[in-house]
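Chain IDs A, B, C and D follow the sequence of writing; residue 1 opens each chain.
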Amino acid sequence: MAAWIDMVFILVVVIDLFTLASSRLNAAIRAVALQGALLSVLPLLLASWEHEIGHVLLLSLGALAIKAIFIPWLMFRAIREAAIRREVEPIIGFVPSMILGGVGVALAFAFSRGLPLPSPERHAFLVPTALATVWTGLLLVVSRKKAVNQVLGFLMLENGVFVFGLLLAEFMPVMVEAGVLLDLFAAVFVMGIVMFHINREFSSLDTEKLTALKD
Amino acid sequence: MIPIVILIPLVLGGMAFAWPENRNRPVFLLVGAAAHAAGMAGLWLREEPPLLDGFLFLDAAGKVTLTATSALFLACAVYAQGYLRRRDDRDNRVFVGGLLVLLSALTMVGVAQHLGLLWVAIELTTLATAPLIYFNRNARSLEAAWKYLLVCSLGIALALLGTFFLALAGAAPGGPRSLLVGDLVRAGPALSKPWVRAAFVFLLVGYGTKMGLAPLHSWKPDAYGEAPGLLGALLSGGVTSFAFLALARVYQVCRAAGEDAFARDALVGLGLLSMALAAVFMVGQRDFKRMLAYSSVEHMGILAVGLGLGGSAVPGAFFHSLNNGLSKGVLFLAAGNIHRSFGSKVTDDVRGAARRLPVSGPLFLAGFLAVTGTPPFSPFFSEFVILNGALGTGRYWVGGLFLLFMAAIFIGMGTTILKVVQGDDAGTPSRPGFGDSWLTAAPPLVLMLVVLALGLWLPRSLADLFQSAAHLVAGS
Amino acid sequence: MLLRALFQIGLFLLLPPLLLGVVNRTKALFAGRKGLPLLQAYYDLARLLRKGAVYSRTTTWTFRAGPAIGLASVAAAGLMLAVAGEPALVSFAGDFVLFAYLLALARFFTALAALDTGSSFEGMGAAREVSFASMAEPALFVSLIVLARATGTLSLSGMLGPGLAPAWSTAAPALLLAAISLYVVALAENARIPVDDPNTHLELTMIHEVMVLDHSGPDLAFILYGASLKLFLFGAILVRVVLGLRFESLLAAEAAFAAGMVGFAILVGVTESVMARLRLARVPQMLVGASVLSVFALVLLLR
Amino acid sequence: MTPALAVLAIALVTASGLPGLLLQRRPALGQALSCAALCAGSALGLAAAAIALFGGGGFAVSAPWHVPLGSLALRLDPLSALFLVPILGVPALGAVYGLSYFPQSRLGARAVRLQLYYGLITGSMALVALADNAMLFLVGWEVMAVAGFLLVLTDHEKAECQKAAFTYLAASHAGTFALFAFFCVVGSQRGSFDFAAWQGLSAAGRAGGWLYALLLVGFGSKAGLMPLHFWLPGAHSAAPSHVSALMSGVLLKTGIYGLLRTTGFFEAPPASWGMAVLALGAVSGVLGVGLALAQHDLKRLLAYHSVENIGIIAMGVGLALVGRARGEPALVFLGFAGGALHVVNHSLFKSLLFYGAGSVQHACHTRDIEHLGGLAKAMRATSFLFLVGAAAISGLPPLNGFVSEWLVALGALRAMDLPRGDAAAFAVLAAPALALIGGLASACFAKVQGTVFLGSPRSEHAAHARESPRAMLVPMGILAAACATIGLFPALLLPALRSAAAAWAGLPQAALAAPAARAAASAWWVSIVAAALLAGLAGLALLRRRVLRGPTPAAETWGCGFSAPTSRMQYTGSSFAEILTGRLAWVFFPRIRFRPPQGLFPRTASFTSEVPDTVLDLALSPALSFLARIALKVRAWYPTRIHFHAVLLLLGLVAILSWRLLWW
């Protein structure tokens, strides 16, 4: 069982690095969708059995529905309308973002040993994966020019925080977990609408055009 | 009573979305606001026991912010009747529905005692506000909406991370293992110190972004500059005050865990930085709505300084959050009227507002005097109490800088506002039919009279409320 | 004591025109001329009082009231002056402040009368008179303060009275400096040579004379009499400062005082014959110099 | 009884603008009613003040006020009663003057607004004088400032008005922040914000020095002491005349009242405090009158004279403080009596002069004295009353200006009696400074009276001027009469001044009895000399009438035979003052624009000299615009892209985290 969990964590980190490198939007969206699916499986694997199964099942199914199915569908629709295929050169360039991503992951692993985790048993890789994903998400938001990529970055940030949330499954009541997922869903939904309007207004999703407001 | 106050606006919001007729949809707004105000009055009369095993409970701090926002929302609802009738060229389905959802989300923030639930409610307010900023349907407001959405979501995500850190702090064996503020405060010293510190930093940045403190304020000038005056009033008067409330709850937990030494310095530092930045960015500002945004940054700085100083300054901070709500309401609604009547918000082609708008012009000037701490308006008393907290306890540098920035802001803001209000409006673009009507001029006037009344005679019940809120949060 | 004071007042009112005569006679002797008779000033006054007056169209009542107010205020200042060491009719703490301000009152209304005529010459004269006087005022004040500090009293009678002689022994340098600066102020106030030339006919160079250019008849008489009174006032102070001796009998004191006054007049005449008129730009420097001298004297006393 | 009287007076005065507002359809009646209300209110207030001053019936009443740190505490002691006299007297006369100078029937809403703010500012000033609690004091203080701002904004179309009004409001608001700091520190030190609890503050050491610096900045900026006077000339010349009279005559005095009230709390102020105020006063006096000499605008000139007279008052206060430091009751009494009497005197003759200026502006529609002249013929009464005011402000004997300057000079002379090596003895130099100020002031007012009223008219307007209506002359007459009576009978006021001085210095009445008696004796002698002067004058006038029998033909002024003199050949204001302004050029850098005549037949040559306000135009506004340019540069650098906003947020996070680690 532990090997499977390690495999999932490693795969999540690999997807992080892949998204940083990919210049094609379709590939990036599919990768994030895969990451969402993987993360929705995690609660089932990690749940300690004395916990009532209903809560965990609901949580993972909800995550799967939102992260793996609905959000990618929304992203693909946005790309289709904007008729854009490829990310233009990001602000700090693909190669440097790759390097920064790698450095981030290394730091995450080094740093997580120092954190005094209350219940060490969970899994060695959980905290570093969470921190790495959060770091990659931040990097994407800050460096990418296309609005779609910024939303992907935000999504990855949420995934990282979601992984962190797994540690606290038992005393985050189901209602709050559902709230967090619902908020994520609503956030991406509103971002989708706004992207749709940006595309209609600026006929492109390039955030470089969004610089009119000056002091 | 609490679930009613949360659900009624939500239900009305849904109905507003469904309502086909564009002309009389704003009435839902009025009904929602009235119901909410009635609910609040009920809550003032009868003390409510905690609900959902401690998740929802209206404590003193929550009551202060909710009262201010309820009053402000009622005034804005009346204002909206006149405003939306004038803007009937645009579909207000999203606007009215969004506002009602925003009201219920804010109420939830006010009563949430569980930090996770608090985070969910605050994220909901962000999402409810974003489409409203885009009400003017032009490129600039779209850019403002996008920036608001992304920066705030980023901040809120960090706040979620902070909340999880706080949960981890309590997750050690023997710890409270819960995110209820009551449990965390009772556990207090048992929380693990490093996690609480890390949590406070992330939560300060998260909710600080939502509040608009100094380095995290970049979304504010764009959002307030492009949003309609009505939304600007609600954002600067309501939403940011609730972010301050969330920060106060986090500070409450921090103080219980014995970590408040650093927290207070961070709050005072960020507060003074916000005031400094507002002073620099307000000088020679040609767009009076963006200037009001920087004034909001300054007043959030004052609230942070008030909370950070502790002792007798904290009741002043809560009094100031009430005053800020009301006076910002006056300023933004009056600015909205002026903007619509002149068709522009740049001081180059807006002059003589006092002559063209006999109520909104002088109100804009009176609001400016109130906001910059001129007696007999009530913000003077709250700012004086905060200053007394600083200078009284020997922190002369903090007091000195506080006064210096207040003076600089008075001069910067004064030049802009006087350019708008004074002189005669010959040669400025005139848009007939957009003058002062009863519905658009009465609400800011009523708010101004309330601010003046609070300045002359602060009711005993309100003063005790601030005292108990301060005792709850900072144990002064 | 009242009889004595009335006698002093009589002396103060009758003697001054004689001083003018002595000054003119000294200047005449220096220039080898026979000069005007000593009593010429009395004859002029009598003649002017009997003559009619011509008034310019642009003038108002201020022009007619100017000379009368000038003379009245100088006469009032005379009430407080201790002639020949005897206490004056009016003496109280701080009366020298009133003395100085009464002179300022006279100057103020003379300048207004000059400006009323609306002529550029009179305006020029008024501007110069008022400017130089405001620079001379601090020097007069500080000199009188030095006297007050030296004799320990604050009234003119006390200052110029018996206390002055012993004061010379303790504060001789300060009193000397005060006397010099008082003399400079006297020359400036009475429009004598180094500051202003009383007998010139070129209006552009005059200061005091051009202010009274348009007056005629009784007004001119009041002005001339006022000027002589003012000269007498400054003379009386200077004489007491320099000749501070005590005399037991009244007659001896009066005789000494009269001799002193004639000496003062001769000194003024000599100064006028010896020096030429200063350029207008240098007059302020002279007056400021006098002020600095008197302040230095005061510092000597206060140290 | 007096508390009710005082509160009723304040209420009546504050609400005196309402009749004008309510009766807009019948403007004349409305204005008359509001003027009557104001006069009634001030009469009540003056009655209460008189009871406190002469009858010793002051009161100190306190009521709870549901406001943080505040309490409705009022105190009427001789000190505040003395200041109530100008605070309530001058506005009443101003309202009467406004009946015809600013008629509501002609000016409509503008006049209604003015009357509302006029009542408001008078009420708030009275509240400031009576407040016995820091918060109540600050409320009165700022309402007064804002009402003054709105009054200066009466005709807000003119850019000059807007700039002057905002400079005034910004200066007074910044000054008030210094007061905020002072009240906070002392309030928390003493545990209460009631002035009663603040008696006996310690003035020792650096803390005392800092408190005093805050006091000087806070009250000095309101009183108009140099270098904080920069807002004063603009505000006073932009406002209507009866508003300028109120601001110049009374508003500045609230600064002096504040300084006196707060220095009264300290029980042993060091002598250096007194010397500081003395020095500031002397500088303000001399430079104030120097700047006034160089002005062309009549109301700006009068405004600068306010700076000079505030300087004289400050010198009196300085001497009193030195007296308290050295424990010399004579110095305390003379300094305080001179300063306080000059407060009352200045409010009288300055209002008289401003009303005169208002009448001139009303008749000739210009304030530039270079275009006036020869008004005495048409406006006989106004020119005579203006002359009385001019003589009073120059401190010439038979009038009240001389009396207060004489008391201050006596105080300065009393400083000589201090032991030899004492530095405070140099306070005696205040007397020559006073003399210099008096000399310059008489030079300046000779210029004004000569250029404006005497000689021949220099412009069409001046030629066709008409005498101002009776309602404007009556208040001027009352003020002139008041100046004369105080000038002729100064001894009557000394008992009131003694009780005020005792209230301020915290000394028993008996301690000041001896110096007061000596001063009274001298004061009676001053009256006698003044009477002798007037008798001599009457005698000379009779002599002149008897002697001047014959016809007095009218002829041209002697112009060296030049047959066609024009009014432009007269000495103008700037040429009159050129000698003195040349001397003081190192202080205020006059801007000279001179086009010399060229060629054999020169066309037009011109010479204009204009003196900017040294502090405002040469120091403050360049510095502020420099700071504004820096702010604009910083803003230009601030990028608008969203990525920068996100990076800024993360940098904030990293900064706080690293600060957190260092802290650890």
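The definition used in the following text is that a residue touches a chain if its C-beta (ideal position, glycine included) is under 8 Å from a C-beta of that chain, and two chains touch if they have at least 3 such contacts.
Note that the coordinates shown come from a computational prediction; the quantities given were computed from them, not determined experimentally.
Note on connectivity: the fewest steps through touching chains from chain B to chain C is 2. The pair of chains sharing the greatest count of C-beta contacts is C-D. With centres taken as mean Cα positions, chain D sits 43 Å from chain B. For this pair, chain A with chain C, the centres built from the Cα atoms lie 101 Å apart. Averaging Cα coordinates per chain places chain C and chain D 36 Å apart. Chain A and chain B have CA centres that are 31 Å apart. Looking at chain B, one finds that residues 146-147, 150, 154, 281 touch two or more other chains.
Multi-chain contact residues of chain D (touching two or more other chains): 635, 642, 646.
Counting partner chains per residue, chain A has residues 138, 141, 150, 207, 210-213, 215 touching two or more of them.
You'll find the chains touch as A-B, A-D, B-D, C-D.
Chain D makes touch with chain B in their complex at residues 65-70, 135, 138-139, 141-143, 145-146, 153, 156-157, 159, 162, 165-166, 169-170, 173-174, 177-178, 180-181, 184-185, 187-188, 624, 627-628, 631-632, 634-635, 642, 644-646, 648-649, 651-653, 655-657, 659-660, 663-664.
Within the complex formed with chain D, the chain B residues making contact are 146-147, 150-151, 154-155, 158, 197-198, 201-202, 204-205, 208-209, 214-216, 218-219, 262, 265-266, 280-281, 283-284, 315-316, 319, 354, 369, 372, 374-376, 380-382, 384-385, 387-388, 390-393, 399-400, 403, 406-407, 410-411, 414-415, 418, 422-424, 455-460, 463. On the chain A side of its complex with chain B, the touching residues are 115-119, 134, 137-138, 141, 147, 150, 154, 157-158, 161, 164-165, 167-168, 170-173, 175-176, 179-180, 182-183, 186-187, 190-191, 193-194, 197-198, 201-202, 207, 210-213, 215. Put simply, chain B touches chain A in their complex at residues 114, 116-117, 119-120, 123-124, 126-127, 130-131, 134, 139-140, 142-147, 149-150, 153-154, 157, 160-161, 164, 167-168, 171-173, 175, 177-179, 192, 194-195, 221-222, 225-226, 281, 285, 287, 290. Within the complex formed with chain D, the chain C residues making contact are 49-50, 52-60, 62, 64-65, 68-69, 71-73, 75-76, 79-80, 90-95, 97-98, 100-102, 104-105, 107-108, 111-112, 114-124, 126-128, 130-138, 140-142, 145, 148-149, 154, 203, 213-214, 217-219, 222, 284, 291, 295, 298, 302-303.
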